[in-house]
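Note that chain A is present in both complexes that follow, paired respectively with chain B and with chain C.
Now for the complex of A and B:
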């Protein structure tokens, strides 16, 4: 109950932030521009619409997740509101969990809003429910779950500015899993070990980008359901590990 | 006869049962119990840039009794807020220990009975006053409709105008924010409140009202640990105080004990006084002010000093014009205690 109360309050505060609305409106604008860009390249109009829509959701979702989650805990400390919360019978893990759930719920609301607009737009063009696109949105959602947990983890021991670059950097490197994988098999042991560390330690955000195979049907995933489930479980387990570490750090932090 | 005997026995047993069930002993015990017991509490920081140790709180020992309003005084940076934060488990001590309401400091279960009003808190300013207090009520898992009842009760107690209850806190004045701060501290009907500067920066009316609200908490049997620079307020509502300076406890006691120290003003005059007598007077009492060529005003702090001064003045053919016992204010005590520690007097 306590984490839910904190989460509820967190959503209300986060939804007030103008910067979040700027990213949401930008995302919606890009999605809405899909048919216009599709009109400019009639041969690939559907591909453009889909590609642009998913990219817009990913980009807007990325910035919304980062700017929302990096501030959740530091703002409470800076404004001293955390004193009034932690002086009540609230365990520190409940506070971190509540903040994470609130941040994640905010991201969910935003991605859901963009996803609905995107899917409705495709439906009006194709007159059928675009299941593959729905899955693409769902995977973006889990990708952002992992990113939210990462930002919350960093926010327990860094400033928002440092957290922004850390979260953004890890997201970028994590999206280059094919590169880090190839580095891991490099004959040079130094490069190989560094590649292995980066590849296995950092969250693999690249695996969530199944839209590539949706947009480019020539790339085939043998068993899509299993692949998606694996990635969803990966996101949940990795997020739980990050949250556990966040709680352990925050438990010892002086506020 | 046997009936009379049995009646007497029955009556005696009834009287014994009646008196044995009276909570007299327990009452005495409860009144004397410690709400806060601090034992050698210490907080040291390492200043990584200066590469030196900073002692924020140094071996602090305090005992705050249940049901009293205890004033915790000190200059800015004296260690007051650090002490409160340690007691609440927000930061961790580097030494010593403390118990709050009989449980170790930072214990989560004891927080059910605690309240804290930090200095200059912003609160969640997009929320309305009502929603804010309701939110804090949810953190105590107070169910509805009891929570709504308590929210209303708290807002009424701090005298926040009802038309402000449903307005966003961001539009509140400083006084209204302080009221809402005290309201959030009262939502759980706490036994012990930590109030950090609850009346600072307020207009005189709001100041007096909030001071009265804090003062009234004692009548409800609550213990208040009050950190404040408003010494007149402290003198008015606190029963005991402690003065802390650079993390070190300088003095503690009842207001009465501290302000009633012997202080007597002596005024003496005489044409012969300036002939080296002033220097001798200064060696007896530290506070000597010379007014003109033949008049002197002294503050003595003991009967021995008074007698020595009188003997010296009369021996020099001078006259004692006035001997006036003086009542000190808490501000006098505070300033004097700090200056003495600093070596200024």
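Now for the complex of A and C:
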């Protein structure tokens, strides 16, 4: 219950942050602009609408996740409110978990809001429930879950500014999974081993990028359910790894 | 940040957490190993970022990383449209390349981009730059590789070969590939793999190849399909008209076969021979042999890089004489480019700037033709960098209009040239249906009934097209008007 109480308080606090609202409104605006761009390219109106909508959710979600999660723990330390919390019967791991759940719930609310607007917009254009687009939103959501865990992990031992660049950088490298995968099969053993290390050790955000496949109906994802489930489990397990590491580091931290 | 000695309970927690952490990390690696093959399969047609980065600026690399690939591609496509309408054709090429890298499943970009390459780069008199054919076709082939379930790209490849290149065997292969596309639910053509029009154009292609039984068989396949559609929706006007058009086309093919190759009622006409000409022989003549087109060509260079072709040809109005001016080794170099497609072609749609080629036609009216070919105004397109050139004049019976074929047959069986300018095109995939004995055809004569015309499970074709051709070998000095062009410059035609 303690982590949930901390999470509840974290969500309230995060939702008061103006910068988060700016990103949310920007995301919603981009989604709403989709039909306009579609009008400019009539033959591809649906492709533009779908791709722009998914990209807007991803981009806004990315910044909302990073901006929300990088501040959650450092702000408590900076304002010294953490003393009040930890002086009560609250374990440090409960604090970290509560902060993560709060940040994650905030991201969920934002992505859900953008997702609903996007799906309704598609529905008004195509007059059918866009289940494939829902899959895209779900994958973005789990991608952000992993990113939130990463930001929380970094926030236990870095400042918010450093955390911003670290999280963003790892997200970028993680999105280059096709490159690291091809490096892993390079004939040069040095390159191959380096590629394998990066590919398997860093969180692989590129796994979740299925936009191209779901935008174009001719592209078939074989065993789609299995593929989705593997990615979701990957996001959850990797998040657990990062949170466990975050707890271990935060345990040692003097506050 | 400082560290401290942890209390015992935290030490114990750590001891428990570390093995769990290792197990969880191992699980992520296991999951990643399971996910990798699926991701690889999903992105099998996509260009890796490492290979695209050579052609992309840093700002464009950021877009795919942020998940904006398709959105960026869509918006860039809009920009292409603006460039197109403002006439800035060169600016479109890098954008087309960029878009197809960002979104390898944007089939209309492959199609429109290839059309743009093949048709829109022209000289000042609207003759297209043939050097762009190779990059255009390579772009389409890349599109086909990336989108095996979309018939439209193969259709475009077929259409380009049919309309632009006049390579009917390549066209037939592409149209057949389009028809064989696996059907998928959600497609407008489901349960078929490709639109009905693909059968129509394939039938026309077979007719252009002179393969009449296959053309008829294809029309029948189309007819069966349109009849099915009509049965499902009997009041659909499109289906009604398509069905009627297909019936008419089959009937017309049989009619043409009958009129051209059987002697029924020919005794009432002026054609007492087996040859398929149905117009009167020259005045005062009653020679029962193929029609002598008696081609006479004059080629001059009145000004540097400006040419005048003129002459006479004894053929019906509306026939077109093709002219091709190119480097002597153009075909050899072109073949090499097709065999080893360079990165320059694939990444930048680069053409060989030192190559020169022009293709055009002159219309025959009242047995005469005349045309001026001005290649002086477009030095970027016509560099004249080579030392030796080939100028070829060709009358191709397969590409000519049906009313000319009515006189001379699908393969030119009723056609000859007293000056021996006839060349037989013996390319195996261009051998047509043998209709009459003799005239260089091999194999059995078609009975006009068996459709498809199969022997041992295969269509048997043996009639080479009889082209009328004159070839000049000219020096750069002659094309620049510094030395005269005479009949001595006419050389034997290349064997086909």
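One rule holds for everything that comes next: the second predicted complex is superposed on the first by the 252 of 255 C-alpha atoms of A that agree within 3 Å, B and C clash if a C-alpha of one lies under 4 Å from a C-alpha of the other, contacts with A are read in each partner's own complex, and residues count from 1 in each chain.
Rule of thumb we're sticking to: contacts are C-beta pairs under 8 Å (C-beta built on N, C-alpha and C of every residue); 3 or more make two chains touch, one makes a residue touch a chain.
All values reported here derive from a predicted model rather than from experimental measurement.
Superposition model on chain A: chain B and chain C are shown accommodated side by side without a clash. In the superposition on chain A, contact is made by A:89 with chain B only, not with chain C. By the touch criterion defined above, A:29 reaches neither chain B nor chain C. Number of chain A residues touched is higher for C, counting chain B against chain C.
One geometric descriptor of the composite model is the angle centred on chain A: between the Cα centres of chain B and chain C it reads 160 degrees, in steps of 10. In the superposition on chain A, contact of A:206 is made with chain C only, not with chain B. Of the two partner chains placed around the shared chain by superposition, chain B is the only one that A:16 touches, whereas chain C remains out of contact.
Applying the stated contact rule after C-alpha superposition, one finds that A:254 touches each of chain B and chain C. Of the two partner chains placed by the overlay, only chain B lies in contact with A:80; chain C stays clear of it. When both complexes are overlaid on chain A, the residue A:2 reaches chain B alone and has no touch with chain C. Think of it this way: put the two complexes on top of each other by chain A, and the tightest Cα contact between chain B and chain C is 5 Å. Overlap of the chain B and chain C interfaces on chain A comprises residues 252, 254.
Chain contact summary for the complex, chain A toward chain C: residues 37, 40-41, 43-44, 47-48, 50-52, 54-56, 58-59, 62, 93, 140, 157, 172, 175-179, 181-182, 199-200, 204, 206-207, 209-213, 215-223, 227, 230-231, 233-234, 237-238, 240-241, 244-245, 247-248, 251-254. Those residues of chain A that touch chain B in the shared complex are 1-2, 5-6, 9, 12-13, 16, 79-91, 252, 254-255.
Residue ranges on chain B touching chain A, taken from their complex, read 85, 88-92, 108-109, 111-112, 114-118, 120-124, 126-127, 135-136, 138-141, 184, 188, 194. Residue ranges on chain C touching chain A, taken from their complex, read 1-4, 6, 10, 13-14, 17-18, 20-21, 24-25, 27-29, 31-36, 38-43, 46, 48-50, 65-71, 73-75, 77-78, 81, 103-106, 108, 147, 149-150, 184, 186-187.
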